[in-house]
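What follows is chain A paired twice: with chain B in the first complex and chain C in the second.
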Partner chain A sequence: MSFESVTPARYARFMPQRYRLEANYCAKCDLHHFPPRQICKCGNKELETRTLPDEGEVLTYTIIHTPGSQFSDERPFAIGIIELATGARITAQIADTPFDEIEIGMRVKIEFRRIQTVGEAGVLAYGYKVVSM
Partner chain B sequence: MRDVAVVGIGMNKWGELWDKDLRDLYVEASLLAIEDAGVDHIDSMYVGCMSSGLFNCQEHLGSLMADHLGLTPIPATRIESACVSGGIAFRMGFMEVAGGFSDIVLAGGVEKMTDVSGDGATFALATACDQEWEAYNGITFPGLYAMIARAHMHKHGTTREQIAMVSVKNHKNGMHNPNAQYHLTPSVEDIINSVKVAEPLNILDCSPITDGAAAVILTTVEKAKELGKPIIRVIGAGQASNTLALHNRSDLTRIQVTEDAAKMAYKMADKKPEDIDFAEVHDCFTIAELVIMEELGFVERGKGGAAVEAGETDVGGRIPINTSGGLKSKGHPVGATGVAQIHTLVEQLRCDMGECQVKGAKIGLAQNMGGSGGSATVHILEAMS
Partner chain C sequence: MTDVGIVGYGASIPRRRIKVEEIAKVWGADAESYKKGLMLTEKSVPGIDQDTVTLSVEASKRAIKRAGIDPVKIGAVYIGSESHPYAVKPSGTIVAEAIGAVPECHCADFEFACKAGSEGMFVVYSEVMAGTIEYGLAIGADTSQGAPGDALEYSASAGAAAFIFGTKDICAVCTHTYSFMTDTPDFWRREHQHYPQHAGRYTGEPAYFKHTLGAARGIMKLSGYTPDDIDWYIGHQPNGKFPLRAGKMLGFPKEKLDPGWLVPKLGNTYSGASPIGLTSTLDIAQPGQRILMVSYGSGSGSDAFIFEVTDHINEIRDLAEHTLHQLEYKPIYLDYGNYAKYRRKILKNT
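This part shows the complex of A and B:
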């Protein structure tokens, strides 16, 4: 018995975000919401669809040595919190960058990558990672 | 609102309890609490539990536990808010008595985590973070706290050694707690050299996977006097929410939800951080305890590491923290943790803590937290003379 957090309908639902970083934007607050929200904290519901920039800055990071089983083949790997635009931050793996070169404030670029291998069938799930610029 | 007291406490020995089932754990702790209180009936009950569905393939815990305690048909409610499920179960019991809906309430918490593999437990716990936008990309709970640690070290100059000292202190206290899962005394070097989990945190920075339960009985102060028990009054109760995703919080060196819950509790109790004699806090990872001390107002922001290093949070220090051994040594059956903290507060306020007794303890604070800081409770208890 196992539970799977990635199923076909669920995967398809988030393609606009995982494939092209689709967010929405509150002009009143100058804040991007990623993933898009129905209402901003200020009460504004008139939020404009926007695509986030594909570059950002590392705010913090870690090197994971004991991941969940979907990521066992990748260990160890770096992952961090990246700021892309006002209010829009993502948690993303930092790929192709030696661990000792990663630091807070480092500039990174978004890349479309394979993220995890799901279930017994080994279905590939895709999304965003970042690499050092 | 009626004045509320804790009149009974119960807890079993925590650890990898392969011969005990989910219901055995909850019932055992509850019977101890009922016996300790000396009450002849219960009006209503709460079960704090994070993830019995994933850990044990069992939901519907309210009635399951009421049945096995022989308490049906009383109202029985299961509470879930990740690792603060127990803290909120206690808060619900408090509000039900304070509001006059029930006179005697059982508030317990339980988690049976070793029925699944280590990977299975990691998966179940990761459901407390944002599944689509955090877990999907590979972050883990140790990873989230490691990122808080990295940001705290960068901004405030907190050292790796100071972070490890939290684990040293809590294990030292846990040596005197017979119910604790681990009786070990690691040194700073042992911790810094232990197996890497999520840099900069190692295995000896992390609370363990644990089976266990804890329970308490709440009633009115009036009824507590009739029972002839020491009166331990609940004078402050706070709860707050925040974003599930760590990345959506403006300051990554903080756990704001704790400050928000604490403000509510301090205001209700009409107390300040300086009035607190000791505290039990949610040290799911060593760094968490440092940040929580800052959020509770025990130390200035960024000074948590220095305070631990100076021994301010030792049993004989200015503000003793986690005299039970904390989650680190006692274990962390997630749904039970918040109730076990209340158990320790009552033991301290009854002067029953033995080696770890805080001399002259009159007011204690318990802080319990869910996820990376998406939810929290803060309770303040006072011994009435």
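This part shows the complex of A and C:
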């Protein structure tokens, strides 16, 4: 979910995955879907809601120097692709970690953070980031 | 009567820090006199993406890990803070949603300066005691601010502590509670003001000490315990000196304060102060030991609790990060410029 146009209704719809990392799991394929989807690629519609583990591994990462204006106070910052469980990969900011300590394979844990503020009077958008362990 | 007490606890401390020297350098102040006067050397600083809600969620997740319960069984979520991110919209709903305690949950945000956190503890304890909820979550959290150059800027810091109260698998039974309160204008923040005002030396004897000592002596009289019967004492920690002096006046040697006396490196976490001290004391407390915690909130009042630690503490304390570990783990030191940016003290006229 992009936070670029955070309306309250849109923001609220994404709370289960953004707040609690709720994924869908297909027992037939032993595969998690995140963001959740209604049908697995095998055609199975009987998907189970599961909360993803709060720890994972950095698969790859990059450093952002010129972000969108809503993130400019945080630049530069690291963004990584993190594998939390089979099939469940998330894109998240790697916070509180010096860049020279970040490496592929690094163990990280999920933390609840403020992702974005909408202007001076809009909603505060919360979600997940990861930090080194 | 059924025992009620803490079944899970946790703290959350940001990794960023600023040293007293760095603040004093900017304002032309004598760092050594501040360090000696306040008995602290540095304080925690929240990241630009951390606030009372995020710290509360992290502390609560640790409390849930230790409690080993399904969060949907939590029937009440209360957050005490004087830095709720919204002026109108509860912090507690965000926390309850993030930990999965919704929708059958009572929720409220509390304010009473620095004792807002212990207010929540008092209320969930009472609700569990009354049998209206199975578990209740009480949080004390703040990302407090001092005006630039004011003495408060050297101490105002950030952190959170969370406690789940219940009747099963208790790690610390709450045996006594006591509150002591008067109308005392020692510290306040008016509407639309960024920073609080304080009454200087009036915040000491007629405010902090009168209420802290009143509550501590009151609960010891109520319980029949003397300082010899109590193994650990935790007081509110606006600076290093006040809790040490109060402890001494009550008859507690410094060794009984040490595990919960975090202010020299943590600063004053306001609503989180004595609750975070309680978490770090539970991290080392042994079964059978008694803990006295006395909060203090300007305005003014103190809540006192006596806890008796059970054997269960040994099974749960290592299920989440210890508080002292968080305080000491790879701190990130800021210069004043970055500190001012992180605390949004820089006015951007565009």
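Operating definition for what follows: the second predicted complex is superposed on the first by the 125 of 133 C-alpha atoms of A that agree within 3 Å, B and C clash if a C-alpha of one lies under 4 Å from a C-alpha of the other, contacts with A are read in each partner's own complex, and residues count from 1 in each chain.
In the analysis below, a contact is a pair of C-beta atoms (placed from the backbone, for glycine too) under 8 Å apart; a residue touches a chain by one contact, two chains touch by 3 or more.
Since we're looking at a predicted model, the values are computed, not measured.
Peer 1: Could you tell me whether chain B and chain C fit or clash when both sit on chain A in the superposition?
Peer 2: Fit - chain B and chain C, as placed by superposing on chain A, sit side by side.
Peer 1: Taking CA centres after the superposition, what's the angle at chain A between the directions to chain B and chain C, given in steps of 10 degrees?
Peer 2: Nearest-10 rounding gives 150 degrees.
Peer 1: Figure out whether A:L124 sits in contact with chain B (first) or chain C (second), or with both, or with neither.
Peer 2: second
Peer 1: Output check: A:I104 vs chain B and chain C. Expected answer is one of first, second, both, neither. What do you get?
Peer 2: A:I104 contacts chain B only, not chain C.
Peer 1: One more residue to check, A:I115. First (chain B), second (chain C), both or neither?
Peer 2: Both partners, chain B and chain C.
Peer 1: Should A:E74 be classified as contacting the first partner (chain B), the second (chain C), both, or neither?
Peer 2: Both partners.
Peer 1: More residues of chain A are touched by which chain, chain B or chain C?
Peer 2: Counted on chain A, the partner with more touching residues turns out to be B.
Peer 1: Of the two partner chains, chain B (first) and chain C (second), which one does A:H65 touch, if any: first, second, both, or neither?
Peer 2: first
Peer 1: With both complexes overlaid on chain A, does A:E55 touch chain B (first), chain C (second), both or neither?
Peer 2: A:E55 contacts neither chain B nor chain C.
Peer 1: In the superposition described above, what is the shortest C-alpha distance between chain B and chain C in Å? Please give a whole number.
Peer 2: Minimum over all C-alpha pairs of chain B and chain C: 12 Å.
Peer 1: Touching chain B and also chain C: which chain A residues?
Peer 2: Common interface on chain A, chain B vs chain C: 74, 115, 129.
Peer 1: Over in the complex, which chain B residues touch chain A? Could you list them?
Peer 2: Touch residues, chain B against chain A: 54, 57, 119, 122-123, 126, 131-140, 142-143, 146-148, 150-151, 154, 195-201, 245-248, 252.
Peer 1: In their complex, what parts of chain C are in touch with chain A?
Peer 2: It comes out as residues 15-16, 47-51, 53-54, 57-58, 61, 85-86, 94, 97-100, 332, 341.
Peer 1: Please name which positions on chain A make contact with chain B in the complex.
Peer 2: Those residues of chain A that touch chain B are 1, 3, 5-6, 14, 34-35, 59-71, 74, 76-77, 79-81, 89-93, 104, 115-116, 125, 127-129.
Peer 1: Inside the complex, what are the residues of chain A that reach chain C?
Peer 2: 15, 19-20, 51, 54, 73-74, 95-96, 98, 111-115, 124, 126, 129
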